[in-house]
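In what follows, structures are represented as structure tokens.
Two complexes follow with subunit A in common, the first pairing it with subunit B and the second with subunit C.
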Partner chain A sequence: MHISGWPMTEFLFFIEVVVAGLLAGTMYSLVALGFVLIYKASSTFNFAQGAMVFFAVLSFVGFMELGLPFVLAFFVTILLMALLGFATERLVLKPLMNQSEDTLLMATIGLGFVLEGLAQAVWGVEVRRLDLGIGDFPIQWIIDSTGLFISALDLTAGLVAAVLIIGLALIFKYTKMGLGLRAVADDPGAASSIGIPLGNIMLLVWTAAGIVALVAGMMWGARAGVQFALVDLALKALPVLIIGGFSSIPGAIVGGLIIGASEKVLEVYVGPYFGGAIEGWAPFVIAIFFLLWRPEGLFGEKIIRRV
Partner chain B sequence: MKPSTVFMSYTRNDLTNFVILMGLGFAVVPFVVQTDYWYSSILIPWLCLSLAAVGQQIVMGYAGQLALGAAGFMAAGAFALFNLELRLPFMPFPFNLMISGLIAAFFGIIFGLPSLRVRGIYLMVATLAAQFFIIWMIDKFGWFKNYDTSGIITAQDIVIFGREFTSPFEMYLVVLVTVTVLTVLAINMTRGSTGRNWMAVRDMDIAAESMGISLLRTKLQAFAISAFFCGVAGALFAFTYLKSMEPVAFDIKLSFRILFMVILGGLGTINGAFIGAAFILLFPVVLNTLGNGVFHGMIDATIISSIELVVFGVLIIVFMIYEPLGMAKLWDSIKAKLAPQSTLEQAQEKQQRL
Partner chain C sequence: MAPLKGLFDVRPSCGTPNRPAANTAIFMTTETDNILEIDTIEVIYDSVIAALHDVSLTVPRGKIVALLGGNGAGKSTTLKAVSTMLKGERGKVTKGTITYDGAAVKNQDPADMVGLGLVQVLEGRRCFGHLTVEENIIAGAYSRKLSRADIRNELEKIYSYFNRLKDRRKSQAGFTSGGEQQMVAVARAMMAKPKMLLLDEPSMGLAPQLVAEIFNIVNELNQNEGVSILLAEQNTNVALRNADYGYIIETGHVMLHGTAESLLNDEKVKELYLGISKEGRKNFRDVLREESTDHADLHHS
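Presenting the complex of A and B:
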């Protein structure tokens, strides 16, 4: 069987590449999701999100090494992230209220370095293995039924991302906290004047971002080991955000999928002509072209600036 | 970075401080400093990184464009000089150095193009593309490394008009002269109409545009000149400090370090670039000495470098909160507090505060 002159195996391979890219893309989405949460609530671009991913998963592995069982370590880490969110809100964001976006961005770059340094100072610098009990190898029944090689880890990451996003969407839509959060996102001044506790909302958002960071870190860590390189990987969430828009949760997902798929397709089909490893910069170049076409991203709000 | 803080008064300070500094560099240092360690491990990298920080300062502190690709442009400059020296050995070194700066400037223009449409974090992502792309290009195309497979490419000796500059002191002189010339140029640019245009764009680009300043011209000019400075700095960094050509040395970490130099040193002052570079370069040295001297190696080196990250991060947050204009402003404030003020100055200060 041929599809427009393309042999079936080639076509299957193409599908495989795309699917693997899409699933890997959900991992970017997970990182991007944390950015979006904080950006929505406080219009702060949290450059430290990548460092939070590293910090969270390194702490999680560290707690496990101390002998805590999996579930307990998970919750202790979430508690730690909540604490971190609290400290950030009090020590960094509050004093910088009403400052320009660029100032806040630079402060969060500083925060990122603090987190990276702290995590390494406490837990050490060696690469840790993280075994979630999910192998990074193709699932047999999918091979049997469709002939596609799809990694179990990729599939899990996709499912986890889906669950997280649906959960977050439900919380935002149907809980009082979520309503408050949307109010704060819309107009912090008005929200606080009608009695919405800004501080609590921020704490909630940073905790949620912390949980997302931990989950993203666990997925990445299971694949590539828990190591400092995670911080650089998280940088790839930036093009995802540019494509999806900074304030849109669906945007983070779609952006992640686009980046993941196009990166893999480019790497497999275009990469060989350039000596490979174009994955490192391809997302950024895609993002640049996207910026030229639609600077606010696919789902972002149009930015209107006035003198 | 409040719009009300205009940095014009700083340029005079920049000039005086710079004259004093260079006086020290040319007249005092050669007679006082005799050890090679100081030249090759402190003074040369400091001057090189200061020059790169001046480049970052131009694009970020003066033109207000958040760029994060300084190390990429440095790599472009370094490998450009390597190839020029390799393929055009008959050309004089200063000429090649200038050309390599121009090549970096070319990349600066290309990767500065997105700045016409985006700002802030968006621009940062676009400039990150420069960082990753340039390093990848050098890594992947053997031509740039002259098909060297050993992994260690030694930089050529610096020969200026038949005279070799190979000892640390001679290299220091080469770097010092280059940095002096370029910094004087930078100070002049920031004092003149070029710099005023940059600052107008930084403080409010829409207003600047409606006053007839071409955003296209101004922003791309800032990117090109910034990349030129970074390129020359990178070339000097590779030829006099690293003494070898390795793309890894110009990774994203270096870009961040240069960004920190500018933020901590003080945005919008040339002084700030030099102060920031000195701080970022010397602080780890001090921390290591402390670690070895006080705790006698009880603390692991990796922990010390982690603490370094924490301190840099905390400092950035603290400066953003309490002194967004960085150490240069801090220094000025201290000086102003100590110096006796004339009534005129007091009146001026009062007026500024209103």
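Presenting the complex of A and C:
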């Protein structure tokens, strides 16, 4: 059987590349989601998001090393991220209230450095292994039934990302807090005028971003080791956000999938002409084309302006 | 700033109603019946820009009081001083006191004031553009602990005043008309169950029949729900026809105040704010100064 001139095995390989890319993409989506949450609530690009991923997962591994069981370590880390959100709201956001968005942006860069330093000062600098009990090798029954080699870790990461994203979307759509968050995202002044406490909303958002950072860090850490390089992984979220739009949760998902799939496909089929390893920069090239074509991103909320 | 201030501070010494009748206002009602008392407040932005110099006004419980004046007169600043929204704009009440519902307004934040039943409807409507009309209105109940059933009941009550919004409830607020957005803003504020509303220029940019519709609703809310209202307006005529009492402010000073009816019939108000005059528009202070100095100056080209 041939599909568009390809032999079956090559077609299967192509599908495998795409699926692996899509699943890797969900992990980009996860990191991007952290950015989107904070961007929605405060119109600030949180440069500390990468550091939060690193801080969260390193603390998680640290707690495990102290002897806490997996589940307990997970919840203690979530508590820690909530505390971090609280401290950030009190020490960084509140004093800078009513300052320009640029000021906040610079503050998040500073916050990033503080978190990177703090995490390493407390937990040390060596690379840790994180074993989630899920191997990074193909699942047998998928090979048997379809002939595709799909990594169990990729699949788990994809599912976890999906659950987290759907959960957050439902919370935003149907809960009071979610309504408050969307109101603040649209007009903080008006939200404040009807009694929505901005501080609480910020705390909620930073805690949610912290949880997302922890989960993303765990997925990435399980694959690549828990190490400082995780901070830079967050940079990959940038093209994801440019494609999907900074303020859109669906955008973060679709952007992540597009980046994940296209970088793998380009790596496999175009990479050899460039001497390989193009997945490091290909997403940024794609992002540049998106900036030219649709600067607000695929799902970015166009500014509604009545004339 | 300083020499200008000196210049403008020249006040007529004769019996013009510059800041008269602290007693007229108080004779109307007993003191405890005032839901809002602003006593000679000064407001300064960014520690240097004085927006209000000595504004005093009272809002009797259950009444509609209009705060009139042109751009930059200090209407919005006065409202924000009361709702404590000033803090968000680096403004500060540096002198005087504000008493709302018997308690001093000092260190509260806007959420506290909403909790006390005082809600401001900001200038320019400020709907949540990406939320539906109904979500906008429900967001107004954020400060209250209501069950879903309670929220539905409250919504129905709100829709009985704002019929137009019921048809548009699933529309994204950003795409509704200016009049509908103004209604959303007022409806949203009403969901907080206020004792007092601060309305900042509800007529702005709206066609006359819509302005009339909105003022009708505001009047109904005042009558049926007993909401006291402090209304900042540039549209003097409409505001005074719907208010019980009026204050005219210019560059941060109260120039004149009285019952809405007396202001509507006041020659100077007619000339300056209602445009009923053959001469060109002037500013109130000029007229007062001219009257107190030399009448020959009255004739401008």
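Keep this in mind: the second predicted complex is superposed on the first by the 302 of 307 C-alpha atoms of A that agree within 3 Å, B and C clash if a C-alpha of one lies under 4 Å from a C-alpha of the other, contacts with A are read in each partner's own complex, and residues count from 1 in each chain.
Convention: a residue touches a chain if its C-beta (ideal position, glycine included) is under 8 Å from a C-beta of that chain, and two chains touch if they have at least 3 such contacts.
Note that the structure is predicted; figures quoted are calculated from it, not measured.
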item	value
Combined model on subunit A where subunit B meets subunit C, clash or fit	fit
Subunit B versus subunit C as contact partner of A:S43, first or second or both or neither	neither
Subunit B versus subunit C as contact partner of A:A287, first or second or both or neither	first
Touching partner for A:F274 - first (subunit B), second (subunit C), both, neither	first
Contacts of A:A107 with subunit B and subunit C, given as first, second, both or neither	first
Partner chain(s) touched by A:M97 [first = subunit B, second = subunit C, both, neither]	second
Contacts of A:I196 with subunit B and subunit C, given as first, second, both or neither	second
Touched partner set for A:G124, first subunit B, second subunit C, both or neither	first
Which superposed partner A:L238 touches (first subunit B, second subunit C, both, neither)	first
Nearest-approach distance, in Å, of subunit C Cα atoms to those of subunit B in the combined model	7
Those residues of subunit A which subunit B touches in one complex and subunit C touches in the other	306
In the complex, subunit C residues that touch subunit A	83, 85, 88-90, 109-111, 113-115, 119-122, 126-131, 135-136, 138-140, 142-143, 172, 174-175, 178, 181, 185, 188-189, 191-192
Subunit B partner contacts - residues on subunit A that touch it in the complex	45, 47, 91-92, 95-96, 99-103, 105-107, 109-118, 120-121, 124-125, 232, 235, 238-239, 242, 246, 274-278, 280-281, 284-285, 287-288, 291-292, 295, 305-307
Touching residues on subunit A, where the partner in the complex is subunit C	97-98, 176, 179-180, 182-183, 185-187, 189-197, 301, 304, 306
Contacting residues of subunit B [partner subunit A, same complex]	1-2, 64, 66, 114, 117-118, 120-122, 124-126, 128-129, 132-133, 136, 139-141, 204, 206-207, 210, 252, 256, 259, 263, 302-303, 306-317, 320-321, 324
